[in-house]
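Here come two complexes built around chain A, the first alongside chain B, the second alongside chain C.
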Partner chain A sequence: MADYRDLWKSLDMDLEKHDQLCAVLPEFYGDIYLSQENRPEGMNYYNFVVSEIHGLRIKELAEHKEKGGKVFGSFCVFVPDEIIFAADAIGVGLCGGSDFWIPDGEKVLPRNMCPLIKASVGAKLSGTCPYFQSADLLVGETTCDGKKKAWEILDEYTPIHVMDLPQMKREKDKIHWIDEIKIFKDKVEELTGNKITKEKLEEAIKLINKKRAVLQRLYNTRKAENLPISGKDALLITQIAFYDDPNRFIEKTTELCEELEARIEKGESVFKEGTKRILVTGTPMAIPNWKLHHLIETSGGAVVCEETCTGSRYFENLANEEAENIDEQIKGLANRYLGINCACFTPNEGRIDDIIRLYKEYKADGVIYYSLPFCHTYALEYKKVKEALDKEGIPVMMIESDYSLQDAGQIKTRLEAFFEMLDSSKNEKEVAATK
Partner chain B sequence: MADYRDLWKSLDMDLEKHDQLCAVLPEFYGDIYLSQENRPEGMNYYNFVVSEIHGLRIKELAEHKEKGGKVFGSFCVFVPDEIIFAADAIGVGLCGGSDFWIPDGEKVLPRNMCPLIKASVGAKLSGTCPYFQSADLLVGETTCDGKKKAWEILDEYTPIHVMDLPQMKREKDKIHWIDEIKIFKDKVEELTGNKITKEKLEEAIKLINKKRAVLQRLYNTRKAENLPISGKDALLITQIAFYDDPNRFIEKTTELCEELEARIEKGESVFKEGTKRILVTGTPMAIPNWKLHHLIETSGGAVVCEETCTGSRYFENLANEEAENIDEQIKGLANRYLGINCACFTPNEGRIDDIIRLYKEYKADGVIYYSLPFCHTYALEYKKVKEALDKEGIPVMMIESDYSLQDAGQIKTRLEAFFEMLDSSKNEKEVAATK
Partner chain C sequence: MKRTFQTYVLFPSHTDGLALEKVLKSNNMKYTIVPTPRDLSKCCGISILINPDDTKQVEQLLKKHSDIKTEGIYTIEKKKRNWFG
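Here is the complex of A and B:
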């Protein structure tokens, strides 16, 4: 990696502490990712992105800022990147996925709070995340109590704009959300000094749609009988989608998709026969939270899809590209975003439909419901999801886990038992079918 | 107590389990309440109400229902009782404050959830709360993630209408809230078959205002140098205000206030000199959650005010009685309710102002910040409150505790240390003043 110390210094980072963070990642990544066999060639690009995680992209952001461009940092799939890019600004996802940042987060937040929020706040407070340091404005949202109130604390350290996501999806809530997008647009125009015209917004909508479409194409390859890519590789790609340059990301992911589709043609798989196909549903996994996927894929399972914010919720709906004026474009965006079935909504029956649909589309054998600790909305929604899956005869197991590796052994044991159970229930079905 | 078994049976209650609940309360109440010395005569009424807690009032509700009246159960100070009473219906607060209901709540809710929500849901599921059983409709709200998603689960057992409280207090949010009140009004009219006219609503606004005003009068007596009533007695009265017949409550509490005001005239106190005056701020205390008050008042402190939903947030603002038409009345109600500074709002600076103001008005010596476990909004807001109080030189201590009595000894120790610290900081101030 090139020497970025001067760059980091210019971003007012805590270099010494940052060195500690940088020292851990390569080995961690190597163990989890580079140890995989028969990885697609195209994964080399994402290896490179990770190796340059606090380097090349940060340099690009700095160059963009030198030319007068602005950078917006966000924490949620509901923040409309289209608006940001339409003002020639750059949006980057900032959710913290590392245990490293938790102690700093706990200096200002209660301990019994979800690790994603603690790590995100800790990343800012510790001055060890160059993405936070590059952001001209953070964009929060009111998706959960923890985040909603954490923004008030972050606001003491750095400017933040909060978008008020409605809690329901009635017509009046849609109008409220359209209005929130308009307020955000004004804010983005004000900060960047750039007017968001119909043309600019159309261009940005097409760009972000294209990014989402290539992720759809990638995920489609995971529907194949023979899996051409591991779940953890796919997860990594989605995580990178949140902050990489969109055009380059689209190009590189398209190349990868071509390779994966060729693999499917040839019937090539990265997993051995009999590996259990698992749909993961639940809370987001921010980079470098690869824990659950790694445990699943080293215990006899393969993750075939994520019904999460770092999965299908991020890319499933595309925004309308054909709108005739800016009001219609924003309405289209509002529809696109309110199509996401997050547990923050009440009711949220659409998520159950999504899970059942994805389970079938990806030919999954079982579902793992993943929840970060103290995430009330997802933890509470488990009951309804479980009841619906039981009714459909879809096996499901709940795993609540934070970023630490202390419970890895215990989770592995539970996973193995779950996969065994999937085997026996499959055998029963086959026996029943031949009768 | 009269025999209400037939009544309870008619409400489809679990009589055996209910007997277990009833068996505990008298001794618990006796130990905490009846052991107090020099209690005001007027407290006899509230003793009676508690002794008849699942009796007389339930009979009244049954008689009301026999005559075709409806009963609405709610869980939050944001649900506008005025609308309910304007339709000749009765509103009762249903928040669960007993450990007894937690195990039943945990059958359908995650364990790491606030005890108030678990107890409330458990009270319904166990069939041991005649108020739940009497309600024709429950009214939930979106004040926190836990409640928002718990309503979805309760909805499987009993009809529930959810009011979407905004998360901010901008003009557009006020409009949203006005609309929510209108939707609620339609719902109440539909269920009761009674039209809410301008006259009926005015009458109800005046009634509920009168109830709030008598609570203000009660709380004013706690501003006196010599406290004529204990904090736990005052808390009990506010708790009872949520479900008692409003007219009788107003009458009896007025009588009590007269007695207390006479006590103030005579300089009579229920506490000995040197008792520390404590402002409690934080999460609600549902009946029979008297734990913190009891611990404070048996450790050398006296609670002089509660900046909580079972305290000042319930009665501080009155609704406009002079509105000229129903739209203006509803606007007045919306203003009244959005004047409440709950931690569910972002930002919520008004609460800090309230705490400082109440601290001064009630001549408190210190503040205890009370939070039920896993209440993200109040736990997170502590940081900002603490910083503001530090700046004002107001001592504050955070106590997080559920309904169990296991941590009573530990809390007592912390309280005693806090009160001692208040003594020494007061001495320091006095020494400084004489220099």
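Here is the complex of A and C:
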């Protein structure tokens, strides 16, 4: 087997602790992912990326750095990758989806903090995440109070730049966000020593748009009556989109889409007839947080879409490719990013519209509102969302859960009851329609 | 409970794994790229999971494509752990 220990050592990692983390992955991934039946052949590429998650990609980052290139790590869909790639740097999403890192996070953060933040900080402090160790600069944002304060603590361990995301979407907020992107551009230019020209930025905008478009194409296949791919697999693909090489990702995901579209033509499905179609909405799911999807898809449901940051929020809406100069390009980027309906905004009615639209587009039977514990914005927004969905007659259930596995049985029971309820409400609707 | 066995091909590097993948694909053989099980290696990285019944055929293909290096073919019993209770 390829030996990456020297590479990890050069990144100042805690090899012993990292070894404990690596020990779990093959079995965990195997039981969750490889146990699926009739999986598309194209998933082999994503199996490959996961198998090499701390190997090949880290080696590629190291080679890039050896040539003088820079690596930027980010945590959020608001950080504009276009600016990073336009300076010939590489942007990667950072880890934060495992219980493994929580104890280290809790050494410096309060316990009543969302697991994503605790795990992210813990991943850095424990020296077990090679992506954190490869990043020349972390890019934070002000999407929630927990993160804002966590950056101040993380700053003691690694360089960080924080983008001030406005919390409203008025004209003056847009101007502010344009300014923030400009400040970020200056920072990226300074760190990389590369000037971001109009041409370079145009190239990067097209590249990232292409990645978004292929993700949309993938998601479109999930609108089919016979689902050619599981929700679990689709989630994995979106998670990988955050950190794998964009060109390779686009090429391989295009191949997969071709296979899935052929499956749709043949009416081939990975689920039994009658499986409940579920739209998941809420907080992001960082690798390897596959828990909710796995529980849904082993309890009689199929996830057909995610209205989350590891879902439609990441790729919907493309940035303007036709701008004439840098100022216009940045304005186009600001527009695109401020179109994301994160719960950090007030008001945030756009998200409710998105949920209803996606529910219809993906022909879902019900909505599961997922929230990580202590994620105030999403937990609070449930009230408004539920009221709107009730009005539309859309069944919804909220599930709050962290990365631990203890509550799995309880969640499964609730899911099964929810799916049963969807059955009876469907029957009632059909009876009412024939009367 | 019925015991099930799985067969893995291990490689010195991922490029050898991807090279074998190409060969298996062109020969219409079933395979899955998987993380190497801990029981077989302490280093992370890819292996190729094949049907135990195909072992002979894969060995023959490897003989034919001697440029593809492997670290052996192993058959082990499949463990099943119930992660979520």
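Just so we're on the same page, the second predicted complex is superposed on the first by the 433 of 435 C-alpha atoms of A that agree within 3 Å, B and C clash if a C-alpha of one lies under 4 Å from a C-alpha of the other, contacts with A are read in each partner's own complex, and residues count from 1 in each chain.
Definition applied: contacts are C-beta pairs under 8 Å (C-beta built on N, C-alpha and C of every residue); 3 or more make two chains touch, one makes a residue touch a chain.
Bear in mind the structure is a predicted one, so any value in this text is a computation, not a measurement.
By the touch criterion stated above, A:G55 is placed in contact with chain C alone, chain B being left untouched. Of the two partner chains placed by superposition, only chain C is touched by A:L295; chain B is not. Residue contacts after overlaying the shared chain place A:S10 against neither chain B nor chain C. Once the two complexes are overlaid on the shared chain, A:Q20 sits clear of chain B and of chain C alike.
In the superposed pair of complexes, A:N226 makes contact with neither chain B nor chain C. By the touch criterion defined above, A:K383 reaches chain B but does not reach chain C. Once chain A of one complex is fitted onto chain A of the other, the partner contacts of A:T142 are limited to chain B, with no touch recorded for chain C. Taken in their complex, chain B has these residues touching chain A: 108-110, 112-113, 142, 144-146, 148-153, 162, 164, 166-168, 172-173, 176, 179, 343-344, 346-348, 373-374, 376-377, 379-384. Interface residues of chain A facing chain C in the complex, by the touch rule stated above, are 1-5, 19, 22-23, 25-32, 34, 44-45, 47-48, 50-56, 291, 294-295, 405-406, 408-409, 412. Residues 10-14, 17-18, 21, 31-38, 41-47, 49, 71, 79-81, 83-85 of chain C are the ones touching chain A in the complex.
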